[in-house]
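Should a chain be cited, it is by its letter among A, B and C, assigned in written order, with residues numbered from 1 in that chain.
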Amino acid sequence: MDKIVIIGGGGHAKVVISVLRKSGYDIAGYTDRENRGMILGVQYLGDDGILKEILTNNSKCSAIIGIGKIDTSELRIGLQRSVGELGFNFPVIVSPHAVVNEEVSLGDGTVVFDGVVVNSGTEIGRACIINTHSTVEHDCQIGDNVHLAPGVTLSGGVTIGNNCFIGTGANIIQCITICENCSIGAGSTVVSDITIPGIYAGNPVKRIK
Amino acid sequence: MDKIVIIGGGGHAKVVISVLRKSGYDIAGYTDRENRGMILGVQYLGDDGILKEILTNNSKCSAIIGIGKIDTSELRIGLQRSVGELGFNFPVIVSPHAVVNEEVSLGDGTVVFDGVVVNSGTEIGRACIINTHSTVEHDCQIGDNVHLAPGVTLSGGVTIGNNCFIGTGANIIQCITICENCSIGAGSTVVSDITIPGIYAGNPVKRIK
Amino acid sequence: MDKIVIIGGGGHAKVVISVLRKSGYDIAGYTDRENRGMILGVQYLGDDGILKEILTNNSKCSAIIGIGKIDTSELRIGLQRSVGELGFNFPVIVSPHAVVNEEVSLGDGTVVFDGVVVNSGTEIGRACIINTHSTVEHDCQIGDNVHLAPGVTLSGGVTIGNNCFIGTGANIIQCITICENCSIGAGSTVVSDITIPGIYAGNPVKRIK
């Protein structure tokens, strides 16, 4: 299996490292603006300027974004674009402690963490975080750069646009559509379509910004 | 293992198919009013009129309802009765990705989906859906035709009457009793007994219909 | 592996027994004020007065508290202290159906139940219950005698003080601190720090007592 570089060494990187190890990846190290020392035994490589050099020395090397996404997805999107342009590929990573059923498609750079279940007929775009213990039921359509926080439950037939963030433990009922660039608060419940980008929270959710 | 026929070919049937395959069942096909083509590689057999013929040709053939239950359980109950009268048996299906602990009883036709945990001392009736990532703690008493949507959590000692629907991600605290024919909205929290059939939602739930 | 005695034989003891069996423990029996008969095949030993005698006959014998914690943790704390003073040790128990990632520390007497995920960098104190299907994300700091009810989700970097109870399905967002001796209601969502002990519920939580 390819060597893999982790882009960004914060808290989310730890969860990424655990999943990569279980999946048999050989982790080259992590890049970051600052040296955070060893993270779960993974070494610091330098800032992103080092990436070109790494590619020169390793003909096949892939990358993964180690930064979470709470308020904005721009940092993650920008990094995925710039690192991709250098020549790194972003593999799909699925924890061996997750269940991904038949006829599911997962885009490049998407990571499925421990305890997740993804059911049949679901399509998930690129660079998504499907975080710990989330449920994605059958026939969901998830765009690019979507982050499901831990414990999210999407019922069957849910559609979520690009760059959405669905907060910790939020629940979305069957066949709901949420447009691009929405943030759904932790513990919220979505029972009707959302067509205007914004920040939503409550049960049922209301637009709060 | 017996051949099994899936009654109804909607979205829920996909989730049923994945669990049947993992459990080693030989799926004969699905029946439905309309031909929906191949579903995850499972063929259309015809409408329910074909079922008698199937039984004639297969001395041992079982069935499973492939239709979910959102607003009413009458369709599921009627099908289970009529197909049962033809001579089909409805096996208990437990995903190998679920955990069912000691001294749990599960009624005919009940399906336990991926990521579920059912704890000791719990009794679950016939034709129930214990959907993805639900938790049923110790000493619960669940009636017939109950549907726990994905991500539901029942604490210890909960009693749920026949034909109830517990919505996505709903939480019920310990030792609560919910009477027959109740529907609990997604994301709701139940902290006191419910004795009148109806539709309930909120935290804590209120009767809304 | 040591023989283990379960202190208290209520409903929670059943869940404890299932996890102990899967973990290969040889269960000596349970103590309780009253004889509740066989519990999942585990015999009654007598009240806590019998514990000294057990230790005399078994040079290496450990113990686990089989009592849950809803309103107060005093009973659990008192038992753990008095039984510990007799000479019993309280092992860390992790269900084989749970996932505990790298660089996690778990204190004596803490039990991690089925379906739980604990992520890297997290420290959990002594005598905690991390109940069925809970999620504890990276870099959490959990004190002693904390009970996470089933289906709780703690996001990354959450700090929880000693003796807290987090109710069924509650969600806590990233980097929140909750002080000692708090009780968080079922289905609640915590989005800001809690600095005064008390009972909190709602989304977002408010102090109700």
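Just so we're on the same page, a contact is a pair of C-beta atoms (placed from the backbone, for glycine too) under 8 Å apart; a residue touches a chain by one contact, two chains touch by 3 or more.
Everything numeric in this text was worked out from a predicted model, so none of it was measured.
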item	value
Chain contact graph, described as a line, ring, star, complete graph or other shape	complete
Interface composition of copies subunit A and subunit C: same or different, split at half	different
Cα-centroid distance, subunit A relative to subunit C, in whole angstrom	31
Set of subunit C residues in contact with two or more other chains	115, 133, 151, 169, 187-188, 203
Complex contact set, residues of subunit B against subunit A	11-12, 14-15, 17-18, 21, 40, 68, 70, 97, 114-115, 132-133, 149-151, 167-169, 185-188, 201-203
Subunit A residues within the subunit B interface of the complex	99, 101-103, 115, 117, 119-121, 133, 135, 137-139, 151, 153, 155-157, 169, 171-174, 187-189, 191, 203
